[in-house]
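After this come two complexes, each holding subunit A, first together with subunit B and then together with subunit C.
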Partner chain A sequence: MSTPPTSQQAPSPIGENVRRVDALEKTTGEALFADDLQFGPNLLYGRIVRCPHPHARILNVDASRALALPGVKAVVTGQDTPGTIGLYLQDRHIFCRDRARYVGDPVAGVIATSEAIAEQACRLVEVEYEVLDPVLDPLQGAQPDAPLLHPDLEDYEVANFIFPKPGTNISNHFRVRKGDVEAAWAQCDAVVEREFRVPHVQHVPIEPHIAIAQADRHGQITLWTSSQSPFAQRSLIADALGISQSSIRVISPYVGGGFGSKAGVSMEALAVIMAQKVPGHPVKLRLTREEEFFTTFVRQGLIAKTRIGATKDGKLQAMKTEYYWDAGAYTEYGVNVTRATGYSSTGPYEIPHVHADSYCVYTNHPVGGPMRGFGMPEIHWGIEQIMDLLAEELGMDKVEFRLKNCVRGGSIIVTGSEMHPVGLPECIQKAADAVNWGTDEPASAPHKRRGKGLAIMWKAPAMPPNAGSSASVRFNEDATVTVSVGGQEIGQGAFTVAAQMAAAALGVPVDWVRVHGPLDTRYSPYEWQTVASRLTWSMGNAVVAAANNARRQILELAAEHWDEAIENLDIQDGMVISYKSEQSLPLQNMVVYGLPKPDDQGWRGGPVIGHGSFMPTYVTGLDPETGQGPRSVVHYTTGCQAVDLEVDTLTGQITILRVAAAYDVGKAINPDQVRAQIEGGVVQGASTAFFEGLAFKDGVPQNTSFVDYRIATSVDIPYEIISIIVEVPQDDGPWGARGVGEHSMVPTAPAIANAVAAAVGVRILDMPITAEKVYLALEEGE
Partner chain B sequence: MAAHQITFTINGGQETALVTSHTTLLSLIREQLGLTGTKNGCATGECGACTVLLNGEPVNACMVLAVEVDGAEIVTVEGLAQDGQLDVLQQMFVEHTGTQCGFCTPGVLIMARALLDRNPNPSDDEIKDALRGNLCRCTGYVRIIEAVKAAAKAGG
Partner chain C sequence: MPMPAALDRENPSVLVMPGPGLPAFDYVRASKPDEVCDLLLQHGDNARLLMGGTDILVLMRDGVLAPKILIDVKHLPGMTTISFDPAGGLRLGAAVSMNTMTAHPAVKQHYPLLAEAAQAVASYQLRTRATMGGNLCNASPAADTAPAALVLNARCVTWGPDGERIIPVGAFFRGPKQNVLMPGEFLAFIDVPIPPPGWVGRYIKLGRNAGGDLAIVGVAVLGYPDANAASGCRFRIALASVAPTPIRVPEAEAILANMPITGETLERAAPAAQAAARPIDDLRGSARYRKAMTRNLTRRALDDVWAGLRKEG
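For the complex of A and B:
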């Protein structure tokens, strides 16, 4: 554990419920989001012409009528964008060139003096399409005779851990071959097999996507966006345009909710291409709420086929899984969801024999991308239900079954790697206890049935093995500290934990530390992306390294000044102190002006700037045939949720009474923020469980408004959320911390499904669990 | 496009503006007056991010035409603090972590202000009911409700 040497006496802000550093400006309306930035009268607006067909060849684009409209400045098309773009697989043109692959695929962009004129001009752009047969289902898409969406798949640039199958619609196939599954079935006393389905859902950040781009006349580009990934955006767009990263500057103020939708590049590159057409003018492109539902990223859909078996003592023996990901038109980011869910396909269980195939399948649906949980909510929907079914088959209590099979420190996991120390058993026990597991409690009315269910989870940060972070720490004259990071504040509290860590490592009060946006790739230190719940851990390590570096500079100066050994010195509460000579010095001024040498012989020291970075160095590759390797991921965060609910047998309506959620976060740097993440995740998870799913008719999305696509509102949470923090430290986490942002929504939906089954004996295998489905199943059962 | 001159009070100060017939109150506030605290989350009256007080009543500013506010009194999130003193709701949202990404927060605060103005001691259900049109994707509403309760308790 990289615990820096903090003093014994001074109070440490680590583990304290320090107030959010951004709370004040967010309640006064002063916090700036991208659409709040002012650009003056030079500003132009963009709107996008989108393909109305799920799959079509583009024969001709005629913009002449649009260009004739007064106020229209320019129109761009695929002909203006030769390169391809993509995080792990470069399979996207910024604007479509010869082919459009989903309803909403950008075909042209209009730049005009107002949004209204641009919108009107979009309707004047005439596009001639030849409609092609679509792929609307991943099982169909994976067939050899399916219409081919990306005939050039073999020419695309791809990361070395992604395995496309040219000549098919499969853009990644991840496999696990561990032990001998076929032989193992014979040893099993109980075997269960099921198919589970998860629809596309949308992230629904309350702030829609927005990008403002400006190109100057010598090719320098500035992009203001609401972004989880300013650095990745800079690099992906630079690659696509064939220019230097230093020629693009991405500036990102606060992000009004991300959940993965604002990671990587989705619509931002459109604004850049448009701005290049009108040098000197900033061009603002903001998505309407309707566009937000289907033209950025959506969560991939999933069809999961799973077979699982155990011996009669309840020990899991074998698991065979096929995942067909409905990955949408472009899978540049989604290919890694396929990989992550392959190498995590057993869920947090120790199973000796595993056979898994995770297929990323192109379909003519919206672009699948990262969303909170990165595939884990989708696969745990099936894993955690089939575990319940197997426990039932064995006649075993579901808590006992999970305690018997779940991963612990030293377990050999699905990739053959060894599990690090982990508090999952404690999470299971505590969540179960919090809902009085094993005790039957009465329902609130005779026509209602009460049930309890639980689900466990694991999730590792899914990222390249060498995703890095960096930070700097600068002192001001009054010893307040400016911490710069490249990780984004998207609501999760990243800036607040950065301040706490810097304060603790430096030895100054936490309210001396400032962490501010906007992120600016010209001035902020590098950060790979604000995704994967990796900031507390990875960016945190960089902040601690930077603070230690600054601290060292200060102590060296004081040691020289006092002529003492540095080992005897410390910084506490903003004072440098010596344990030996018992002298002390305030940090004020010395951290900028240095200290005078004796007898007016000059000065020593100077402005203190600490720098630090962190990058994991130990993640190994996995064998492409077997998915086995010594260390597949940096770590797993694990947890358990237990749900106590009742079902109205007359209507099928479900009312959650309470949810207990326990997570092993390694160390809660700010327990209050951990709980806030858990609450938000539980409600988002329940929202997907009950309401959400994009509906399509022949590839055309049907519910692209808040009226038709419902998310949880304040009246949908009648229940109590009991957040439980477990702390088994992470060896390379700051103070032992691991991330928890995404994890809190992973087990919610299957825990609800298991509780519904316990209450009324109805198993819903296709998400969401609507009252209608439950009601119809009850009818059928009678 | 016909321009209309309108005069109104916003956050206590009088303003005059030229607006077209189809300018919304939201665009008047955000784009013409540069008061960007009020947010645009949908522009179709479905998310509550643009909630402001119009003559004391909460409205979705994206669904009101600017010409309708001639002679009216408007309060936005920027007008909640008085004489440098935060509104008790703002204080409690800071103290109880009623905000995460912060995008829904201005609208939520205004809606909560309207609630406490007409009902200083709301029950949990009344708070939830008042906020049902204010979507939040981050907090799960738990701490928003706690913060409103705390504000009511502190005298609203």
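For the complex of A and C:
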């Protein structure tokens, strides 16, 4: 929105590969994470008693044996947490009260002088359960006769764009009704219908969740935690406890990986409730890796039923889709995955007739929540495979088919909104060219088959329409600049990009700018959450606004000092200059002490502090019946990935030879960081494509360790990743920038699926594409 | 791995999972073999040996084992020593780390198959601690060094209350996670004889991903020229992860000893290995896939070894 004039003379740091501001700290090990903080001898430890049943009524909790264990200070239960909590739908008690809804649901918390004693005491808490019938499948859960998991659904507080269906297990139903799908089938020459499945997967951040909470005797609460969302956590916990936001202070040092799992509130509130029971004592709760797998957020499972049709010239006509989200026990955050995948349900295609239903279904599985891509990797798994199948049905080249149907500037998208200018066709062409699309290349051995596939994607930031950002810019005497933000550095490079933007907007060298953690809701400016790939764009707009505000103060001072018009002044490379009088002044000292008036008549100016904020006030609502509206989202980032791989027909193993990934980022503020995001997304996407998925047996997760749940390691990714940056500027982004943090994970899995199909004719509709599935399908095909 | 489903026998209302740390135990650093035997006899199941710790500490942390005493045997004479004698072969101290073993000149020169197998275990970082002795004693059906030890005719040299005992690796495993060590007895050395002249070996491991997984199937093949065999060659074949213990497959070996080695013979031997496999379904792979992979990877390993033999010859 607010793009400042960029300098002609001094080099701008925008578009430069500025070294990450946190690189030295992190590579030397000096960077502090939450578990590094020291709390002294008053520190107590918490552990959690968890329900062993997928669905049960809690009849009684008897903690007397636990309390008798030496070292145990207190036990908390659902009776200590009257309120409900949740981001979009308040459907959750911090500790279970009358009912537990997944294996691992927290029933009680034990506070003790050591973690080992707390753990031992957990096993002494006796809970009387009445085991209830579980819902273990979203199709079953959506049936009218399914066991009801949330009989109180109609009483829960809910955001006005979420539509629960009280009396059912559907906590949100998002509908698209565009055109006339039923009439359109008749005009189609080719129609394809398939069902796709995506399992629950885990974020597996290298740093497990941790929270340390302390309550003082006047009700003030401090929470130190590894967090993507200090402000949202403050707000949600305050609401749940019925206290003021100002009574909670959240401090978050560096985050050792989040991928969405540390957004919103998951385990942090448990520590707060425990701390309230032992005022004056900090209480530390850190999850084991096993707990990490299924007791925070997981990526929701999905069953997608899709039918699409096109005319014989290859033009898409109609799409009918049902998404059944296996959203788990509580859907306070997941309801918005349902919404986001509803309003993006076509993928990046222009389709005149669309009928889509996205159902958020309660199940007795772990709590679904945000994960990198926020539903987009899951829906594109099906969309991009069915597009390939339709192109095959039509006898069309898959690149040509996508170029013919993909969204372009001015396209009318699924919500009836008009698409902004977008470089998706360029992404498709460049990614395809990078893998020699259309050229058959030999496999490396007689028993291997080579294939190429590609997939395209779109994703918009999914958030409430009033998600805001703010920033401040303060000068030090030597003209170095402290930029304060409320967005978190979660490894994505947000602080570096903020420094580049502030430097460019102020006109100072980038190494004069400091952006630091920890985030502290007492001192940091407000930021909604570090999610949705929104910081470069939204926080960036706030940083630029703050820098412009500070710059204005400096220029006004200099204009007065020189008695010149402000329009003739500029700041370049740390100097205020006048283009008219050709005078110049260093920023040093004047930005704090001001400038002397003539003839020793005192001083003018003073310490320069700029402030700025941003909120996308131009986003409109959507019609609840049709999902149509003029501007449903701020913008979409689009891209394409092409994969060249080979399949070992004797084992089913897949080796990726190269991936070409092209994204329209609007403007790459730091191209190296864009490439790092692309590479990371490709790796994480490939990991989910090949290996990942929580296995459940009667609602009990079976693979809650890295022994049993495999993720890609460095030796699994020896292939080349060709990162291609396309820049069609975005009207509401700083320097035209859009986010790209999540997007590179979105098309990876379907592109691999399409390439496997091209190589060996095996079409895997249920993720992951394991070697075993491929091999057995080949054997059956023989 | 223990599942979170595991209910505490004493309190079934609690979900039991691996805890946040290790249970308390006493650490004893042994300096004489007899001291180890005495402690093992005295404490029974409450005492365990500590070598690399990559299995025992994990099992303790997961709550599967709760020994009260860990006896560190790394400082006993010879336990971390590798010695090679051109006549007698290789003697590996049971507590030699896998990285030390694979980097040793004698292992690299004379026993590349051992190095290949050890490098299939876990990750480089783990192998800095993990030992081949521990890998064998742990007696996992999926132990990657076991098939190599089997085809190399390795022997376990143990120390016990009655002194030294020599057990062929083929007789060392009793069942999943069970070995034949007697009360008070522990593994001191692994002896690997000089393999037959002109031998070629290969270990192929199939995991779900390329690094760090446990084997879905592991196949070791060792082949060597032998004028007494009808085919002119003998092959030894051993499998991991497809039976209650790592196994040799004599049926397939017999086919290869008795028929001229042709593509057809190799094609007949592989299903014989498959027939010997008795795999289970688990999270890593189904029994059906494991059986098919036993066949295909045996064939692949045989092809590689046969190609090597022809090159040598």
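Criterion: the second predicted complex is superposed on the first by the 781 of 782 C-alpha atoms of A that agree within 3 Å, B and C clash if a C-alpha of one lies under 4 Å from a C-alpha of the other, contacts with A are read in each partner's own complex, and residues count from 1 in each chain.
As a working rule, a residue touches a chain if its C-beta (ideal position, glycine included) is under 8 Å from a C-beta of that chain, and two chains touch if they have at least 3 such contacts.
This one's a predicted model, so the numbers in the text were calculated from it and none came from an experiment.
Asker: Looking at the overlay, does A:38 come into contact with subunit B only (first), subunit C only (second), both, or neither?
Answerer: first
Asker: With both complexes superposed on chain A, which partner does A:707 reach: first (subunit B), second (subunit C), both or neither?
Answerer: both
Asker: May I ask you to decide whether A:19 touches subunit B, subunit C, both, or neither, giving the answer as first, second, both or neither?
Answerer: first
Asker: In the overlaid three-chain picture, which partner chain does A:50 touch, first (subunit B) or second (subunit C), both, or neither?
Answerer: Once the two structures are laid over each other on A, A:50 reaches subunit C alone.
Asker: Please work out whether A:288 is in contact with subunit B alone, subunit C alone, both, or neither, and reply first, second, both or neither.
Answerer: both
Asker: Is A:476 touching anything from subunit B or subunit C once the two structures are fitted on A? First, second, both or neither.
Answerer: Neither partner.
Asker: For A:572, using the defined touch cut-off, is the partner it touches subunit B, subunit C, both, or neither? Pick first, second, both or neither.
Answerer: neither
Asker: Taking the superposition as given, does A:125 touch the first partner, subunit B, the second, subunit C, both, or neither?
Answerer: second
Asker: Should A:691 be classified as contacting the first partner (subunit B), the second (subunit C), both, or neither?
Answerer: In the superposed model, A:691 contacts subunit C only, not subunit B.
Asker: Pick out the shared contact residues on subunit A: the ones touching subunit B in one complex and subunit C in the other.
Answerer: 288, 705, 707, 711-715
Asker: Where on subunit B is subunit A touching in the complex?
Answerer: 30, 34-44, 46-47, 49, 76-78, 80-81, 86, 89-90, 93-95, 97-106, 109, 127-129, 131-145
Asker: Which part of subunit C faces subunit A closely enough to touch in the complex?
Answerer: 1, 3-5, 7-8, 10-21, 23, 123, 206, 208-214, 216, 283-286, 288-289, 292-293, 296-297, 299-300
Asker: Note which residues of subunit A are touching subunit B in the complex, please.
Answerer: 19-20, 22-33, 35-36, 38, 203-208, 254-259, 288-289, 490-493, 672-673, 676, 679-684, 705-707, 711-715, 717, 721
Asker: Give every residue of subunit A touching subunit C within the complex, in rising order.
Answerer: The touching residues are 47, 49-52, 103-104, 115-116, 119, 122-129, 286, 288, 290-291, 294, 650-651, 653, 690-691, 695, 697, 700-705, 707-708, 710-716, 770-772, 775-776, 779.
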